[in-house]
Amino acid sequence: MIQLETDHLTYLYPGSESPALHEVSIKINRGEFVAVTGANNSGKSTLCYAFAGVIPHLYNGHMKGRVLIDGQDNKDRTVSEIARHLGLVLQIPGSQMSGVRYTVFEEVAFGLENRGVPREQMLERVQTVLALFGLEEQATRSPFHLSGGQQQRLALATVLAVDPAIIVLDEPTTFLDPQGAKLVFEILRKLQQQGKTIIIAEQRLDLIATYADRVLAFDRAKLVLDGIPREVLTSAMLPDLKLKHTRYTQVAQVLQQKGLWPDKLTLPASLAETVDGLSLRRKTHDYLC
Amino acid sequence: MIICAEDLTFAYNDSLMALQNISFEISAGECVALTGHNGSGKSTLVKHLNGLLKPTKGRILVANKDTATSRTAELASQVALLFQNPDDQICKQTVWDEVCFGPQNLGYDKKKTTTLVQEALALFELTSFEKKNPHDFGYSERKRIAMASIVAMDTPILVFDEPTAGLDSYEMSLLINTLKKLQSENKTVLVISHDMDFVAENILRAISLSAGKKVFDGKLRDLFEQTDLMTESGLLHPQTMQLSKACGLYSSPLSTDECVAAIAEQLGQPSLPNA
Amino acid sequence: MAPNKTTATLFIDKDSWLQRLHPLTKLSYILLTGVAAYGGPSSLLYICLLLFCNAVITASGGLLKDTAKALLRVILPLLLFMIPIHSFLFPGNRTVLLEFHGMIVYQEGLLFAISTLTKLTVVLIASFLFVFSTHPADLITALSHTCRSPSLAYLLGSPLLLLASMRERIETIQAAQRARGLDVDGNMFRRFLSLAPLLLPLVLGAIVEVEQRSIALEVRGFKSTSIKTSLRKLSDSALQRFCRWLMLAIAAVVLLLHGLG
């Protein structure tokens, strides 16, 4: 069932001559885990903004085409109405903080207050979300005094507290250490299992390969590749998009040239796919011997 | 020893111990990765190299000068430091002026400044942008401008704080080429990075911090072989090592070439019957 | 890791009836005190009465010591400055009170200085009472409940928190420029010159931050016009609401009388 859709979406930022998105049509189903990748300035962030209605509601640029959530055009709803269905996590966690709440606990409650959630329910919800993100011990600290990783988890917690069906994240792992980045993806996987739709702009292809169901690759405002990670991330076009194959793909490529990769098996993008391919090769090879 | 830290301890406003009893030595021409989890004290440590922070206890010597008693403006001719966020640094209206800022502050003459700036711009493929405003560009271009303006200072020591964050793979290759060039000029380079694939392929030595303490100093390969230390430092193994481990190999390949060789060797070995 | 500064707040965490009072009640009280001190009768006795009332209220809330300390810091320099000046030079000086080596202390000037300072003291006590007994978060909550426009409430409330993060940013920018050899020590002229490279990153950074934050606030439903709830419970009562209106009404009447008189 289609939940989120862009229909021939083109967008120009005010004062810009070249479009940030050009004729982009995507259909996303409920419960999908979609990664959006591409070089810097290829249109990833703009797409995230378009999903959340930030474009065109908060920028005066020029927009053509439509963005639909559950069949409803984003143009007909305000940004806060859209936010009930779709939560947006920004790249820099610090600027996501409200600036008017003194503690982590209050910061998480902020979005619930704005939606008129009754206090008792609010307390319960905040506690649940803080526990999910391992932030209970930080509850009484100032949101501005957390480490980068904690702040990014807090940003995610504030969005999740209001329980949107779709979660859109704009490169949330840029400033995180490797384990912190992996943790974000682990949390997202859990959310997907609970039925949420996840859309994440991301440049770490090894993480995408492991966690996403589908990858959209952008190049200079256009959607150029759309498919399962194994297909998109091993595409020969990747270097043209200024993206680098994962080391897994690179290793398998060389092995393939040496005749050490199973015939007819496509190249892998993730660790698991590589290990599977190698054990298949071992089995067939042993059999032949 | 061009950098020498002795029992370096630092606390922000008395309470929070940011660095505890850190000692290490770095000789001229070395390239060292500084790793650790978010908030482990990496950025705090490098701010001691040019006297932006003064140790609470212990001392740090840079080119035999105690940084506690030297002024930052003087130390800047020894140590150039790239800040994480390029927007904390960019303060001029054109890319050219921005990259000139450091060399001019250091009092280089016009000819030397021009040569250095041209070289630095070329390294990061910014030459065609030189008359444009840095703020007309996206984040990663601004990051390149910030890196160029550090390299243009032509200091014997360069410190990069998270240079790879936000760069795409092409921009990454520009950075790698720059590091190689700096190495060939016998500059001492310190790189703070979370990108283990990048570090594994380009740097040999690592110093790792965890919660303000030094937990490792040695060959990068040895760090990767201590899994509990990796976990403590918030790190993950580079992909090549994750693959070799998952394949049950005992080697620790740091590059794709090493990894391919190890796997090929394993596959080439005829397996024993009944195995 | 960034220096772990605590946010600048003067709030004193005590449990007294003053602390529990609704922030707007206390704000109305400051207004009434101000109007009463400056718009009421100018007799010194009346002002001293106001001073006494305020002191009693402060003491009953257990804030007498802190208020006195803060007050001394503000009033003492003024006292040392104003009393001699007015005693010697007040334009309405007629009655000689003291003569000392050719220096004449006049009664009118002295009285004027004392009454001005006492009025100021009265208003200051009420203000200190407010900042010491009100948590800024409560003030923000109260404002956003009262203000029809969330943006206005935000404008009034956010500087309390964002100024601290702004200060941290200034320090970082300064450090980044010093790392590139910018000399910020030395003489005044040099220091002045060194300000320029700080300004551009600061201003541009602030613009970007405002843009990002306004997006974040928008997607978090801040400008939603539907009914909002609040995590912080502000105790309010019919009595307090009545008192607020009463105080405002009295203040209006005093002002009106003052205007007519």
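Just so it is clear, A, B and C label the chains in written order, and each chain counts residues from 1 on its own.
Basically, contacts are C-beta pairs under 8 Å (C-beta built on N, C-alpha and C of every residue); 3 or more make two chains touch, one makes a residue touch a chain.
None of the values given here were measured: they were computed from a predicted structure.
What pattern do the touching chains form: line, ring, star, complete or other?
complete
Measuring centre to centre with C-alpha atoms, which chain is farthest from chain A?
Using the mean of the C-alpha atoms as each chain's centre, the farthest one from chain A is C.
Distance-wise, how many Å sit between the C-alpha centres of chain A and chain C, to the nearest whole number?
Between these chains, centre-to-centre, one finds 45 Å.
So what's the Cα centroid distance for chain B and chain C, whole Å?
The answer is 46 Å.
Take the average of all CA coordinates in chain A, do the same for chain B, and state the distance between these two points in whole angstrom.
It comes to 28 Å between the two C-alpha centres.
Where in chain A do residues touch two or more of the other chains?
147
So which stretches of chain B touch two or more other chains?
Touching at least two other chains: 39.
Counting only residues that touch at least 2 other chains, which ones in chain C make the list?
Only 1, 4-5, 208 qualify.
Which stretch or stretches of chain B touch chain A in the complex?
So the residues of chain B in touch with chain A come to 36-39, 84, 138-141, 162, 165-172, 194, 196-197, 231, 234-236, 238-240, 242-243, 246-247, 256-257, 259-260, 263-264, 267, 270-271.
Which residues of chain A touch chain B once you look at their complex with the stated criterion?
Residues 39-41, 147-150, 171, 174-182, 203, 206, 242-244, 246-248, 250-251, 254-255, 258, 260, 271, 274-275, 278, 281-282, 285-286, 289.
Quick one: in the complex, what on chain A touches chain C?
Residues 49, 52, 54, 57-58, 78-84, 87-88, 90, 92, 94-102, 105-106, 109-119, 122-123, 126, 142, 144-145, 147, 158-159, 162 of chain A touch chain C in their complex.
Using the touch definition up top, name the residues of chain C that touch chain A in the complex.
Chain C residues touching chain A: 1-2, 4-7, 135-137, 140, 144, 154, 157-158, 161-162, 164-165, 208-209, 212-224, 226-233.
Taking the touch rule as given, give the residues of chain B at its contact with chain C in the complex, in rising order.
12-13, 15-16, 18, 39, 41, 43-44, 47, 50, 52, 71-73, 76-77, 79-81, 83, 85, 87-92, 101-102, 105-106, 135, 149-150, 153
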